[in-house]
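Dumping the structure here so I can ask a few things about it.
By letter and in written order, the chains are A, B, C, D and E; residue numbering begins at 1 in each of them.
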Amino acid sequence: MSKTNDNVVSARDLGLVFSTNDGPVTALTGVNLEVKKGDFVSFIGPSGCGKTTFLRVIADLEKPTSGTITVNGMTPEQARQKRAYGYVFQAAALYPWRTIEKNIALPLEIMGYSAAEQKARIEQTLDLVNLAGFGKKFPWQLSGGMQQRASIARALAFDADLLLMDEPFGALDEIVRDHLNEQLLQLWDRTNKTICFVTHSIPEAVYLSTKIVVMSPRPGRVTDVIESTLPRERPLDIRETPEFLAIAHRVREGLRAGHSYDE
Amino acid sequence: MNLSLVIFAIVFWLAAWAFNDWLSRKRFKNPSAQRLASLVVPALFGITILVLWECLTRGFNVPGVLLPPPSAIAHRLVNSLPILWADVQQTFFKAVLAGYILGCGLGFLTAILIDRSPFLQKGLLPLGNFVSALPIVGVAPIMVMWFGFDWQSKAAVVVIMTFFPMLVNTVAGLAASTPIDRDLMHTYAASWWQSLVKMRLPAAWPFIFNALKINSTLALIGAIVAEFFGTPIVGMGFRISTEVGRMNVDMVWAEIAVAALVGSLFYGLVAFIERRVTFWHPSVRGGQT
Amino acid sequence: ADKVTLQLKWVTQAQFAGYYVAKEKGYYDEEGLDVDIKAGGPDIAPAQVLAGGGADVIVDWMPSALATREKGLPLVNIAQPFKHSGLMLTCAKDSGVTKPEDFKGKTLGVWFYGNEYPFLTWMGKLGIKTDGGAEGVTVLKQGFNVDPLLQKQAACISTMTYNEYHQILEAGVKADDLITFKYEDQGVATLEDGLYVLEDKLKDDAFKAKMVKFVRASMKGWKYAEANPDEAAGIVLENDASGAQTEAHQKTMMAEVAKLTAGSNGALDPADFERTVATLLAGGSDPVITKKPEGAYTLDITNEALK
Amino acid sequence: MSWREKILPVTVVVLAIIAIWYAGTVYLNAPFARDMAAKDGKELTFSELVSVTMHQERPVLPSPHQVFAEWYKTTFEMKPTSKRSLVYHSWVTISATLLGFAMGTVLGIVLAVGVVFNRAMDKSLMPWVIASQTIPILAIAPMIIVVLNAIGISGLLPKAVISTYLSFFPVVVGMVKGLRSPERIQLDLMHTYNASSWQTLTKLRWPASIPYLFASLKVAIASSLVGAIVGELPTGAVEGLGARLLSGSYYGQTAQIWAALLMASAVAAILVMLVGVAEKVTAVAMGARPAGVRP
Amino acid sequence: MSKTNDNVVSARDLGLVFSTNDGPVTALTGVNLEVKKGDFVSFIGPSGCGKTTFLRVIADLEKPTSGTITVNGMTPEQARQKRAYGYVFQAAALYPWRTIEKNIALPLEIMGYSAAEQKARIEQTLDLVNLAGFGKKFPWQLSGGMQQRASIARALAFDADLLLMDEPFGALDEIVRDHLNEQLLQLWDRTNKTICFVTHSIPEAVYLSTKIVVMSPRPGRVTDVIESTLPRERPLDIRETPEFLAIAHRVREGLRAGHSYDE
């Protein structure tokens, strides 16, 4: 096991049970996981297996009911207070009374960036997600995919070492998705961020990750952790290599095993 | 002036403040301890006010006809229970309840009517505003003239007072559904009634309950004040106005205490129902993290 | 100039003409007083204002003043400009009331807020219950106006000779259709508008001196108003900030008020006081005052003022 | 906005109300008229009855034209500075209303913010805020006035204080709900930024509460007006619409009461509409979607 | 050109311009399209190209600013009033005050189904989307994918001949997606429904459709309409046939052409 201060996220026997109107729901159980600095970890698993819940635990948005978890060696709460991470939610969660520009400015305002800095970063991230020219629109004037991109821009606008991204590219077409995948990889490479990334696309998971976590539902648990053997440098056509396909196959099998119905 | 009483009051106040602050920050592991703490906090706040009041009125020798100490009020209260109960029956159970139900109902129905017909929306809504501030001082004597001295005229005043808050909030509530919620109903070609019952009213409940809450206290004030303008010789407003004139200020405060109790219970009941009906709203579900 | 604040018992009207006249005619100025006359209203208990320090001297009715005194706020009468009582019960003839014995089973309108004491005393004397039983009368807390009579909601209502009675007439009801019971005629008259101050303050000679000047000037105002009712009514109208009163009504009122102040030089007649106290003590089951008040009036001020 | 769309509906409704009013005038005033006639040994025909009921000195319900004539006379035929001018009295009341409304709104918002952010305030203050509203104003108004007087405050402020007392409550109730109305995910976002309470307030809770705020403000400004009018009674009812109502009632001047009522209503309607305009402007600034054609 | 009464959707020179605070936005321009009874039409195109807008026009949720469109030979409004279609929105749009069960019951209540019928259909569609056992939960107690499935169930619960589905499977993992694809095809085959389907997945579009409409943004327009040559009977492994791959290639090319940035 590695030195703790190397671990960005470290979960031990983590469990989380929601109590609802008709009985408790076990969202996570016995989750053990280590995410190292500079890792790109993808979470993949059937709908409802606890991916979002796990990300929320890391982000201190949900308290585990058993086990322990540390983020940057601290409790999630301390880490959050240090603004350790940026979070892209599964839904865009833009504030309807702010224009796209202003939505992106929100974390910058809160974290006290100067006006000039805000302007520069807004422009830059809008460009990055290909929304230049839409800054003055309100969220409801954008398409679903555009809203999602705006929310990605918002999370990228400030410098967090850890990025928690919950299906950020779900509503995007292949081309944009490929483009953003590349951009994200570049960013990760350049800045040595740690990224936790939920996706439903096996190729995407394999293409992006250094580590793929396969989860399974009822109760949500980790069934496989795959360390990628792909090089850090990844052109798009790496996706046709046998190595890539082998990993993808392993992920698919893991995914299939976790499903309740067999086809 | 009795300085020691005054000093005691101030010390007590500071101590209670510190304790309350500590208590409300503290999280108890044990849920029943937590619940107990959540009851102790407001209670202590109340007790502090009473202690301050008692000590300051006595300490500064405030004349009883201006502000009697709580002990005198309590004494008067327990000695006048039959009278107070008769007053509550007359004012609350007859005038307030009847007026509240009618006024809220009327405001609600008018809002629905306005919503139903664009014509009425343009014609009636601006005039609804006219009813908004029909001053009780002007209306109460007229209602006495029209509906007699008994509780019916007070109920009429309450109707007028509660109508507008309900109208405004219902209108705002009916506009509160989100575009996509409405789109969904539109795709089902739902009738206006179906949209209303299944989508727009549920979305409007948080606003409507605001009106119900505001009105629960407004109705009581309205009925009591209306009794200043002519009543049979029973009722909370009657008691208050005559006893002020008779300088029985302790009785006035006893009646006020009863009014506060009844009003708070009424408000609490409405708030309780609110939590049941709008359980899904973030404000109830606990949007706080 | 010395400041004096006078709190009236009711809104600006000819009932208080003497004070307004004294102010307008400069009688207060002559005494070196700067008098602030505060109008009252249905929601103002002058005694409370006095206790709260909002006024130096108030106008109040004696029953209510004595009751207040018993409650622990020591009011003292320093002058009594009103010699006679203007209170009466006015009944519609068609209600079947012709004499006090007819009240039983009827609905009567009464002013509360401390004004109910004379009525309760009277009913006590007549042996009529007022607590709503079948045997007694049904009492209504009357509002500010004479509507209950016009609307036939009550058989009789309380009126003042100088005000409400005339309003009934102005509404188109003929005097012949009315029957009135003056409290004075029924032997239950109590003293009305008098000037009251706090007992403690009278220990202060400077204050006493101020009150002497105040009473002297006020009485001068009253006598002028009595002699020149129309002019006095005009002065009242000018001082009415609500702009609501009519000239005709205030002139009528002034004429009637003059009849009540006539015969008083401001000094309280102890006999009147004794009569009032006796009346109040006699009041039925719920007497207004339970014991004879001591020191509830002083003649010092008027003696000094009238020298 | 064409004539047909805006003016016609209002006109129709107003005409309907006036028609009902006239009918009510005849119906409610008839008993007294018949009574008077009977005392003179006469019986009134219907047309006589109608004409008599329209012009009674002390009607149960004055006819619209009586009220309007009085209103017109006191509003337009008097110098606005004269004590007999309704404009003058309206202004007296409006100034207390606006001051009270401003203080009430601020107080209400401050309390709501406190209640939402501080558990101790929520637990200890809210029950007392509610209890305070069950205390009948007219009962404590005189005491407020006396106390304020004792510390040398009189004139506009005491009235405004009573206005405030009535108007802050709708604001508290509405804003507590409004400030708590953001969705879970919207709050989570702030949480991830480790935003301070103040930042969460200004950047999320406050904008999210705007629809609730305006609904509350409309109720609050109406309540302020009622409060200002009520507050005129224990301040001696010397001037203002409340004084007009009161002395009108006291001296049996029915037309004057109704004219003052009409004026109070009109003032309220205008104030509420002004709040409505502010609401629209704010909504546009906050990127509200233009109201759809569909319900 | 076919007989009109054969056309379920028929658009002629359709255009739609939104007027916004900072100028007009052309969401659709010159759209000509014919959808025949029994067609399975997929719409694919970059984010913001007007797919949702077009579906909304069909559904009478948006009025075109130029051109004409008919649905079942009627105006969209008349068709809507006849309850011609079921719509799955891009966002789940579940009512928070109703349980999942009750949300699915909503259209059934409105359309006057009997209580017994409602119960049966709720059970059946919950099974179909693999949410059996979650009927009594409230929307906020479900994961993102589960919410999306609930909204699909809601649209399938009643019998509309035309289904408008806006990225219904966007938030689902591959396995569930494959499963639902199959289910949808079966349903379509069995009931002869007409389906308009927005997706970002090229394989999904090719696998499901009889006709693929490729769109391109700024301004939104149709750039290619591909009639599928695949048989109506489609096992999952048809996705490895050369025919399939050829169509997919054509779609990808069309998609790429519509993009503003070239990689």
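Everything that follows uses one rule, which is that contacts are C-beta pairs under 8 Å (C-beta built on N, C-alpha and C of every residue); 3 or more make two chains touch, one makes a residue touch a chain.
Here the structure is a predicted model, which is why all the values come from computation and not from measurement.
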item: Most distant chain from chain E by Cα centroid; value: C
item: Chain pair showing more contacts of the two, B-C and C-D; value: C-D
item: From chain A, the most remote chain by mean C-alpha position; value: C
item: Approximate Å spacing (C-alpha centroids) for the pair chain C, chain D; value: 35
item: Euclidean distance of C-alpha centroids - chain A vs chain B, Å; value: 48
item: Separation of chain A from chain D, taking each centre as the mean of its C-alpha atoms, in whole Å; value: 53
item: Interface hub residues of chain E, defined as touching at least two other chains; value: 21, 91, 138, 140
item: Sites on chain D at which at least two other chains make contact; value: 60, 138, 142-143, 146, 184, 186, 188, 191, 233, 246, 249, 287, 289
item: Contacts with two or more other chains, residues of chain C listed in rising order; value: 42-43, 45, 48, 51-52, 143-145, 147, 151
item: Touching residues (chain side chain C, partner chain B) in the complex; value: 42-43, 45, 47-48, 51-52, 64, 67-68, 71-73, 112-116, 130, 132, 138-145, 147-148, 151, 153
item: Of all residues in chain B, those that touch chain E in their complex; value: 180-181, 183-190, 194, 198-199, 202, 278-281, 285
item: Chain E partner contacts - residues on chain A that touch it in the complex; value: 18, 20-22, 25, 44-48, 51-53, 90-91, 130, 136-138, 141-146, 148-149, 166-167, 170-179, 182, 200-202, 236, 252, 255-256, 259-261, 263
item: Complex contact set, residues of chain E against chain B; value: 59-61, 80-83, 85-87, 89, 91, 93, 95-97, 106-107, 109-111, 138, 140
item: Touching residues on chain B, where the partner in the complex is chain D; value: 20-21, 23-25, 38, 41-42, 44-46, 49, 66-67, 115, 119-124, 126-127, 129-139, 141-142, 145-146, 161, 164-165, 168-169, 172-173, 175-176, 179, 182, 186, 192, 195, 200, 206-207, 210-211, 213-214, 217-218, 220-221, 224-225, 228, 236-237, 240-241, 244, 252, 255-256, 259-260, 262-264, 267, 281-283, 285, 287-289
